[in-house]
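After this come two complexes, each holding chain A, first together with chain B and then together with chain C.
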Partner chain A sequence: MSNSNADIRIEGLRKSFGGRDVLRDVNLEVPAGSIFGFLGLNGAGKTTLIRILLGLLQPDAGRCLMAGIDPLTQPIEARRRIGYMAENQVMYGWMRVNELIEWVALFYPAWDATLAEDLLQRMRLDPSQKVGALSKGQTSRLALLLALSHRPKLVILDDPTLGLDPIARRDLLRDMIGHLQDQGITVFFSSHLLYEIEPICDRVAILHEGRILRCAPVDELRENIKRLVFQSSQYIDTSKLPGLLDIQSYDGQLAVTVEDVDATRRALGPIHPLREVDLNLDEIFEAYVTGRREAPHAG
Partner chain B sequence: MPANGQKIFRALLRKEWQEQRWRFFLGATVLSGLLAGLLRAQIIPNGEAALLIYGPVGLVMTIFLAMGSVASERADHTWEFLTVQPVSRARLLGTKWAMGLALLAGIIAIATTAGMVAMASRGFRRLPEFEYEEIRYRSNFFHLLTGAHPIQTIGVFALVATISLACWYTPLFFLLTRAKHEFTAALGGIFLTIALLVWLIQLSAGASTDFAGTVSFYHAALSCSGLLNPLSPAVLGFSENFAPFLPVLLLAQVGLWIVLPVWLVGRNSGRLIQKWMQT
Partner chain C sequence: MFIRLESTSAVPIYRQIVDQIGYQIANGTLRAGDRLPSVRELARRLPVNQNTVLKAYVLLEEDGLINRKQGDGTFVADAPPAAKKADRHKQVSGILGQAAAQAVHFEISRPELHQLLDEEIEKLTNGGRSP
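Up next, the complex of A and B:
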């Protein structure tokens, strides 16, 4: 584990359920103060990894540290220091908003009632309303309030905008970013909606079938991963392209997506593509997860 | 328990009461109504009436209380929210277990009080005891009660019932924490209780002999194993051999079925429970 300034460190984590490997030798470091996007399709193992980080599941092998605490041996201390918001978080519908806040506050020695009150007003929540009567967007904002009011050093958000309409999603992200900016809080943001992660994340990791396929700063990904478009008549030996992620053939053109554009240029030598296309995070993710590595057959 | 720990325990208990109180009111109404009705009608002796109500109806109440707490939270998906709070799984389960146990004892206490009031409303008439009553109760624990005041009779039956049902409630509660839905939990509770009763029946007359009337090792072992059955005091109270040891048996059952499971859960709040619950 190299980076001493990491808020999350994961080393050799493995977990299987009923003989099916859900996490396979996962290694990850999340630098302190960063907003870290954790990407993966549904069923990739994101929630399992998060449950291990929270000390709710025991891994089969490996270790992790959360803000300096091992959640496997000190799960309660780890959860006290972490703010956590789950996907589609369901809370006690029979409680009123203020009752739920007061109830959750008892579990956290560092609970800041003033901050909770401030967030309650900023998130436009009625304290006397029953939790069960809140809209999905309001429920998400309340869950965010509960995750932030004990001033955690590290916040884990597990697909927090899942199931929200675009307006509610925008409101939640605005409230979240509004609070997290300049606070120095480390955010571990798991999502499969990449367009919402892209503008706010410093780094991302792509998890697929229990393995980390790539972990890098977003800018580095955008800079290095390109789609190169060639005429089909140009002879390209795709088996010799380094870091090939995807090959597509259409309209007499061949588009290859590569992990390291500089290395690919060197490998191609005198052959020049028609154009180089910049990719957004969505397209990069798709290339890693569903990319075709073999050249399409003619006809 | 530190001051903050007490606050957390009280907060969890308050939530449990809010969520479980309907079970308490329903259970208390059903058990009280049946017991008071039967005792006031006096169509069977007090002891028989108490056994009939505390036994089958009490077991249904026990399943009802043991199955509900965790399974309903899992079905409502609030279980995920509860378990991510910085509270140990042992404390969460311990609070739910304690609340269910308190409700069970409370239901029996209220039903017993209602039964006593019902008997009082008839002026504590000496029951028209059946002839065989004298013979059956001649040399067992409960025969001490045949000449006793009806209040004493019902009180002792209620005490034995509370301890025995609590002894079954505790392992049943921890076994059913794995159920992901109340319906599954109810089915599990019913099957486990039937298995318990089948086992208990081996303690009844004739269990230690086979059909030819000879004692076999198998039958003797099966019969003796019945001592471990949490409901065995209800049967052994009527046995000449075991009746004198009933108070000792009750204490042993409390140790085996309440203290030991709670101690085990409290000791190992991490791996054992999480492995069992796999959440």
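Up next, the complex of A and C:
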């Protein structure tokens, strides 16, 4: 499924470090103007992929296009189109907020000082304050301001809320919705906090052990992936269930989590489960990442 | 209008918004002609993706509960629609179907099941201010 309207296009990306495969054939498309959630455990390869997207790291194979630009061959052009914000970004603590803004502005010809001024007010930041004296929440809002003021076409956020308290996290998400979605900026939002990704994102991709296990709209994941509970006495042949993600057995019941509940219903024919359980995104993620695909021992 | 999202719930977010606005219209907290926040405003407040709020508003409009007037705003509809009764039946019967399956499994008799349902309805109508 090729989408000409994709702001991030990743094709066959591979990367290994010292013989360890970190990314194995990653393919992704992020539609322009969408908020894209990139889920993975720590160590799944998220940061490696982001470093490749930014042109900071060369892949072993494959390529990516960021708003039509290959960051490897045209790194400066790419950086002008991309806003980047990461947890624990390096900030010059001895500068004042306005000095840091003016300094970063020097790197971007398209820097919009009026927008920066506007964001400064809307994000409730004091321009005369020392950067080193800002709270974590204020620091992250400043990082967002710095990532947005050159009017990028797309923004990469690498676990932007890591280490923030719940209030600061909510404020940051609010500012993201307010400023990014309003302007149709494409957002690539990496996180390991699923409940945080879900309300914000249009689509999510699940990265695990260097592979994309699933990429779909959030609602589609919710509608398709279900847990079906059977009586053990119903003798379900789990090896015949399509898209099986997880099997659990306890107290005379068998719970299977499946990728496509409609296909499973068809495969089951006249057999009806005791219950069909809706799952939240955490449970869906868990089923993909740590699911048991083999039937438990009979008993 | 107050909406509280349950972030760990298995109910999709657009559905939570639809249900809570629907509930507030049903119990009179929101009245005909009341203005709802714009998509942008509610998205920012919650905070959720604007498309999620939009999806909820579209569904509420399809159910005839609200009217979205271009450039004017979103308002609670004048009269609750009667035509959508079949849809509401469908939604409830889905849940009842699961309850019935469990009842059969636990060998609960029909009169017992009816009584349990009556008790639940009783709780709702007497409890009044339950969240």
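Note that the second predicted complex is superposed on the first by the 296 of 299 C-alpha atoms of A that agree within 3 Å, B and C clash if a C-alpha of one lies under 4 Å from a C-alpha of the other, contacts with A are read in each partner's own complex, and residues count from 1 in each chain.
In this text, a contact is a pair of C-beta atoms (placed from the backbone, for glycine too) under 8 Å apart; a residue touches a chain by one contact, two chains touch by 3 or more.
Nothing here was measured: the structure is a model prediction, and the numbers come from that model.
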### Query
Once the shared chain is lined up, is A:Glu198 touching chain B (first), chain C (second), both, or neither of them?
second
### chain B versus chain C as contact partner of A:Gln89, first or second or both or neither
first
### Query
What is the contact status of A:Asp219 with respect to chain B (first) and chain C (second): first, second, both, or neither?
second
### Query
So, A:Asp70: does it touch chain B (first), chain C (second), both, or neither?
neither
### Query
For A:Leu56, is the partner it touches chain B (first), chain C (second), both, or none of the two (neither)?
first
### Query
Of the partners chain B and chain C, which touch A:Glu286 in the superposed model: first, second, both, neither?
neither
### Query
What is the contact status of A:Arg170 with respect to chain B (first) and chain C (second): first, second, both, or neither?
second
### Message
A:Asp260 in the overlay: touching chain B, chain C, both, or neither? Say first, second, both or neither.
### Response
neither
### Task
Using the superposition on A, tell me which residues of chain A are in contact with chain B and, in the other complex, with chain C.
none
### Residue ranges of chain B in contact with chain A within the complex
4, 7-8, 11, 15, 18-19, 76-78, 80-81, 83-88, 270-271, 274-275, 278-279
### Task
Flag every residue of chain C that touches chain A in the complex, lowest number first.
5, 7-14, 40, 43-52, 55, 98, 101-102, 105
### Interfacial residue positions of chain A with respect to chain C in the complex
35, 170, 173-174, 176-178, 181-182, 195-196, 198-202, 218-219, 222-223, 231, 272, 274-280, 282-283
#### Entry: Complex interface listing, chain A residues touching chain B
17, 51, 54, 56-58, 75-77, 79-80, 84, 86, 88-92, 94, 103-104, 106-109
